[in-house]
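Shared chain: chain A. Partners: chain B in the first complex, chain C in the second.
Then we have the complex of A and B:
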């Protein structure tokens, strides 16, 4: 047995750092569910007592339900539309001999690094100039810009990961473009599509800035949440709502990320070497 | 049709990718039921030509006829050809049965009938009972057979094979070569087979087209290519060859003589056509056409030399014989018939002899 080198030796300092890092990231979020069950309306220790009253209060609050419904009305079409556009974009980026391919990819991904605030202000200026009234439609349009890069980023590895000769084989065996897409391309990119739908829905559901700038009378859930912060007595039910959002959106994201990697390595590495 | 029995007829086909010419004015006729190989190094255009037969790449100019019909405007899904891809292109989301039955959708068969046909195919490729296997559970050889079955189940007029044995290890490859050849005889379909492996092409084909730089250098039977190559490129691509520069002398009815550097004057049994008297030519002789002996043989042409180098390869040995008038030693391949025989020439001088009819005369480059 050879002496352990620095390559193999577990690094204690790094492990401690990693734990601290994760704790700093997630500890504040953990406080939200904790205080949402606290009887006091103030966020402070010590906890006073256990209650589910705040959750009950939420149940009776019609504006909350309205904004939740508005969020769905925006999120579902946005996720479907951005995934559809993402499929088209990813397919042509991965397949066709697009001139300036990397520039195209960069432009599609740019909204990830440009502050949403800038996009929001720009869109607001543009829409009011054009005289388009603010509504859930304008919110959805803003969300589409935010979601599209995520859709493309999720779908692109799928389209790049599978062998072009599979589509050629389908054509060779007598199928036209539509049937080839339906029988070969679609099933193979399916996990990417599901992942993209989940991911973009969650992003739209959680998005605040675009919704803040672009919504009219109807508001989405994050905006409702924010408006409630003005009233101290409402704060515990905001926490309760926050807990619920975490409870539902976290699994969606995790499932989405898990599905997006499903079969990706298996299919490509098991393929015979060319 | 072009007045002959060609089943596939490639007429003056050229293909450009941008300014790069991948195929340069190729014309080929392939007969029905033939096992035809396109042989060439990578970049010779053989795969491009196959893609054009399959319909994946349009020809820049020229036309391809299959069974008398122009394929110019026919998309891949309407051509009477099927392809076995280099990487097999087995659909990873389908099991073996659904892979093989993929092309049967439009045939409008009942499920039972489809499955019967698949089972028949699985028997043919010697993988009975594999129908429900997943694609990722298959070995390379099995994938290759399933790709074959998936194409053959549609009873194509022509089967195109793009280096289908390239990914297999040596033993399996040799086994599959024989099986594929036997299968082709059994089903009687025209096979167009792309390979860079000259041994593979020689083993399997009825005829071979040797390709280089987008052009067809020679089309012939395996024996024709090996024994009578028409150029130095073909001669050195298939097997090994010794080349001796020389000058052709024609003596009217008495035939012709080549004065070579190294082998002296060679009397040619029948005068080769083409080259005029005094033309610069080269004489080509395969390494196994030479014999080595300790004494001068009196019934065949010979020159004296000495052993410069030797390589032992098991069933045969390669000897490199230095002779006068030639810088490069002559490569000789000899079977090791004796178990412990001393290598010829180990005692100094030896005689290098050859049979007169093994001599191939080529144009000088």
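Then we have the complex of A and C:
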């Protein structure tokens, strides 16, 4: 069915608006790499000159490397764990005969909406009552809570757009549950798994509030960034670090978003994002 | 699946003998099986969300005594929360800032979502990725970018001075509620687009055709068909922005200054510098109760409005 003509007609005003919208969306973010190459320690126009000095300064900072390493130590296990749990949860939620399905989905998605600050202080209260010392483990636990809804939201459309007759065929051909999962289900939902791994890693890598409340002596990269933000003379190095973080996370996000939508029907993509 | 998997277990090639009976039982009870698979996630969320919130609730009834807590339940913190004007002012300001940011975000995002839903016919996915991409970039960095833009010697002021359009830097930009509202609007725009887009995309195009056939112009068509049918998206987007932003900490901390401080900063301070955890817990509980109240009232009002229109 072809759309009626008035829907096909391009709308110039809206097209211009869309371009302006995207420009406004990206402009603030692009300033960070722009100013990171500026010679002046003041972040202002006009630009003074080109330098890579700030990146060089950053290279020599041990605390930066330590916090970067800490971020990886948290982010990699968190992304693997949240994706694994997300696969199990999404697989069972996608089954149509689960009682209380919508209640479960709401519960899992809760950390997406409620301010992280509240979960942060609540977890802090729990950990201190239990006498658990703050460390990267507690940060990772906090990140797991933040990442789980994203993992489930990324994986759910994969399982929902899944042709279950393939699993039935596998069962009919004599495979048991685990082998069916490994040989049929897993390859089919693989794009969702990769996307979930990349996106949850990015979330953990950039997460600030949970790390702010739950860090012990070792801190993650966003916390290091935060401590540097207090000193205006450190702005150039913050800009340099920010540029590197954006440069590093952009491909992860792009690949993650691209494959999470690949091969999905439009309908299922929409469902997952609401 | 339940029907087909009742196949004779002897035929299955790799059955684990010991767990065979359990597996068969689970296959027959699909609901139980599903819950078993979900259980690790649900347990972690219970430990990480429900129990901590219950503890927060308990602590909110305690009081600070020296460096420890007086665990005798009392309503002292709640009384303070109600009686001391500072708390009410910060709470009111948080709701005001978030409310304005929410309205601004939806007003700005709606045309964009409309454009992608109705006027983009090829590469829709590319557009959606382009719009939502910034949401995944570090929140801290996006807020920092606005500090750079709005600062006393920032991008806007230095540019305007350089161009000679202003004599002295504009002071209302940084360390003010205005700066916080601008930043929140920008930071959450990518998040608001999706529910708006989904509700617009779902609209049955034949309704628009029918309206046109019956003599509605583009404006009447928009207000009589498109806007009412996209209201679920508007409501969803309002919740998705309003609730998290009321408890935001980073933006007011970096850009708010004393006049732009929000309730989240005070809660953090109670757990940090002020070191009065029970009071912080009370404020967190009060914030959640208010969010719930506002959400219920908002839902009720929109139901009422929809019922009146219908």
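In the analysis below, the second predicted complex is superposed on the first by the 257 of 274 C-alpha atoms of A that agree within 3 Å, B and C clash if a C-alpha of one lies under 4 Å from a C-alpha of the other, contacts with A are read in each partner's own complex, and residues count from 1 in each chain.
In the analysis below, contacts are C-beta pairs under 8 Å (C-beta built on N, C-alpha and C of every residue); 3 or more make two chains touch, one makes a residue touch a chain.
The model shown is predicted, which means the values in this text are computed figures rather than measured ones.
Of the two partner chains, chain C is the only one touched by A:115; chain B is not.
Set against each other, chain B and chain C touch different numbers of residues in chain A, with C touching more. Of the two partner chains placed by superposition, only chain B is touched by A:163; chain C is not. In the superposed model, A:91 lies in contact with chain C only, and not with chain B. In the superposition on chain A, A:175 contacts both chain B and chain C.
In the superposed model, A:246 lies in contact with chain C only, and not with chain B. Looking at the shared chain after the overlay, A:188 reaches chain B, while chain C stays out of its contact range.
When the two complexes are superposed on chain A, the residues of chain A that touch both chain B and chain C are 168, 171-172, 174-176, 179, 266, 270, 273-274.
Taken in their complex, chain A has these residues touching chain C: 3-4, 6-8, 10-11, 14-15, 17-18, 21-22, 24-26, 28-29, 31-32, 35, 42-46, 85-86, 88-89, 91-93, 95, 97-99, 104, 107-108, 110-111, 113-119, 121-126, 129, 141-142, 144-145, 148, 152, 164, 167-168, 171-172, 174-179, 199, 202-203, 206, 208-209, 212-213, 222, 225-226, 229, 235, 238-239, 242, 245-246, 249-250, 253-254, 257-258, 261, 266, 270, 273-274. Looking at the complex, you find that chain B touches chain A at residues 54-56, 75-78, 81-83, 85-89, 91-93, 102-103, 105-106, 136, 140, 143, 150-151, 154, 167.
By the touch criterion stated above, chain A contacts chain B in their complex at residues 162-163, 165-166, 168-176, 179, 183-184, 187-188, 263, 266-267, 270-274. In the complex of the two chains, the chain C residues touching chain A come out as 1, 4-5, 7, 11-16, 23, 27, 30-31, 33-38, 40-42, 44-45, 48-49, 51-53, 55-56, 59, 108, 111-112, 114-116, 118-119, 121, 124-125, 128-134, 136-142, 144-149, 151, 153-155, 157-159, 162, 186, 189-190, 194-195, 197-198, 201-202, 205, 208-209, 212, 218, 236, 239-240, 243-244, 246-250, 254, 264, 267-268, 271, 277, 280-281, 284, 287-288, 291.
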